[in-house]
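Here the chain labels run A, B and C in written order, and each chain numbers its own residues starting at 1.
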């Protein structure tokens, strides 16, 4: 479509008229990252890191922040551009104009095995070889891809998508508008073994998992149910791939948790918490609202609301930055101290 | 059931008469964690951390350790209680009185594809779309949930449970009374590539995996087979979710290995070893009986029997506690040394 | 077979005549690791660590490097031996003489669900309950094990193997001679959410994943596609189990990436890079050709070609070795500095 038409549609999506420099009103046929852009494509600049690309890209149009210099550069390069306070958000909205994600037509594949005692909503898509067991309830417009297994008494809310080969365990309650990605396991047994003289006594995991509306669970992630009570992930929280949530955790809403992070049992995480990749959080730790945990951190105690922590064991982020910078100079520091020790005539051992 | 009846059943389970204060002999209908307990529920107090809850819980009954103060408090609150040396163990036994885990009725689903050259035991439950290939042997009372794949020549011992979408590779020998959780892969090819001038030469992995009786493998965990010989996990060892065991490892009995821990090739782990989450253990490392490895540790060398290690690279646990406490004070330490250096007139660079 | 015959076959595999000491020309029936060898088996010694085993092994024959002492010891023990510059490589070739990996006969199982709009090559093996969706193209001699799901428009190149329960997402392009291990997910949605006042705006992931020829993806690994453009893994790169590759990463050829390593979005990795287990690489980091990243490292910035890094945050490997050694002596260092401070009469706080 013409750039001017695209700007109209984006203004609609953004919810306000967008300021644009139409230039030659080029035909836009695709969206592309700035380092992969090509004639006919729309790209975006979000911050300084890639701004130098404005002068070299062959994109036909750009989404730019309110930056007169960058806008002037784009104009000088003969590019059309549109201004947005949050260019990345507008770019996401542009992608949605050019791309329709794959969604199967509502239908139940004849090879799906659905227990007569399961309830299935309206307009559902249930793929080949899906298994839905007794007492499970599947909402309206749910999309279940092939080879998914839904154990007994599990609930799946309206418009939720279950990708191929994921597993929803007994009694799990998956909300509406959730996405469970391929290979994820929701509601599996918590790791509960009590030491006894002859080894381990298995504590039955009688609880269940609750995913509230709008939750996403990444590929091959695992959400365990507890011995009693529930494991809960609140509204709109997003988990990346291979995240492990232990039994009895309570995670607030609007959190984002990056790949390969793991939480032991009974962890409490507030709302709007950002957690990097490969973070570990120990039993019963409490993370306050709006906290930020850097990748690979190891959290043992509590993290105060709105604070950032990093490192293992985790410390306040500013301290981590300083301490880790000094870590690389420890040999120098050690040598210097030994020199001082010698100069002062202190005993060495 | 009445509290007094419950105590009788628990005494039977525990193997000795339990001392109890029956109070009003309340009707007990459920088990609950202390922070989620409600009237009609039985809960437990294991240690000091939650003891203050005795005064505020609405549980009708408690399992308590032999602590006169806590027992008096419970009595004063009008609660029934039962004493146990290990309250968490008794609580686990109480759960088993109130909860029956889901177990499918023995039957072979007509959509299961079982090779004529596979051997299937008595009273097995084989779910929809399970695939069992030639030469595999499935013991008696085995329960195989839907969409599991058993490769050729694999063995699955009596009473073992294979959860949905797990994979048992060729020649793997899964013992009796094991549980393989959803999405786990047992007996996959070890990561064996020999560098050659043109890239990598694939070393065929002709070995196999042995899981002895009573082993549990968590969701999406992977147990690799070696090029030659075996990878072995001994009796009653329990693995949490997303644990990776490399080719040729030998893990002793009664170990517990928390989520997202990984072992490279040829690691030897003794008996009754406790390993925290996200631990990494390097090639050929040896971990002695009864050792304890803290979460996120990186183990390169050997860990002596009965010792605890932490950190990456791992050091003795007491040293780790001290060193990691000082880590947060490195900026202060650095500044101080620089100050001393200056005061002494030592050359700076 | 006789040892002399084995040497002939190995010479053929190795591409040059191999120097051997045939001794009594024993019958060789198996290959075994040196610590598990037995009469009739061929084993190998690659380096000093296991050389002491030459005097105690009951192997009938050994592959040895060009080391006159070890060769003399083997001869003195009455063992046959063959010399190889790279004993481990020759051992790999020996395994291939004794072991034929399981490979199903080409055939399409009647329970496989193949969309009429999918293209299937010649001589393919497609197992039970496999699902192949519209527009997918499967090359010649491809082997797809049971319960695999191939989403629409995905391509799978000639001679590639897809192990049980793996998932190939829409538009993914898997090359020829690849191996995708059990439970792996290729081409899943990147973790793309843009923060907005009401939570998260989902950025559609319109891109795709490219695996070039000869790539291996370990069990339960996940390779995400980007919002726009591609995620690419180049020729002959090998990934171990549970590796996470974020959206838009570009990984060079002939790399080896050990288990549980994760890369965030847009990471660039050169050719012949070696990455240990549980490594984390942050957004947009660049790793040069031939770099080596030690296990559990946390890489934030760029890694120069040919260098080695370790630690989190990662530093040059020699520095890491020194700093981590001093880490364990931090308490001592701290105590010493405090003592100096006191002696010099510096103020303490």
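As a convention for this text, a residue touches a chain if its C-beta (ideal position, glycine included) is under 8 Å from a C-beta of that chain, and two chains touch if they have at least 3 such contacts.
Since the model is a prediction, treat every value here as computed from it, not as a measurement.
Undergrad: So chain A and chain C: same face meeting same face, with over half the numbers shared, or different?
TA: Different residues, largely: of all residue numbers at this interface, under half are found in both copies.
Undergrad: Go ahead and align chain A to its copy chain B using Cα positions, then give the rotation in degrees, nearest 5.
TA: Value: 120 degrees, nearest 5.
Undergrad: Taking each chain's centre as its mean C-alpha position, how far apart are chain A and chain C in Å?
TA: That gives a centre separation of 26 Å.
Undergrad: At least two other chains touched by the same residue of chain C: list those residues.
TA: In chain C, 111, 129, 147, 165, 183, 220, 242, 260, 278, 312, 327, 329, 333, 337, 340, 344 touch at least two other chains.
Undergrad: What does chain B use to touch chain A in their complex?
TA: Residues in contact with chain A: 31-33, 36, 49, 86, 88-89, 91-93, 95-96, 98-99, 101-102, 109, 111, 127-129, 145-147, 163-165, 181-183, 214, 218-220, 235-236, 238, 240-242, 253-254, 256, 258-260, 277-278, 295-296, 312, 324, 327-331, 333-334, 337, 340-341, 344, 346.
Undergrad: Of all residues in chain C, which touch chain A in the complex?
TA: Against chain A, chain C makes touches at 111, 113, 129, 131, 147, 149, 151-152, 165, 167, 169-170, 183, 185, 188-189, 191-194, 196, 199-206, 220, 222, 224, 226-229, 242, 244, 246, 248, 260, 262, 264, 278, 280, 282, 284, 298, 311-313, 315, 319, 322-323, 326-327, 329, 333, 336-337, 339-340, 343-344.
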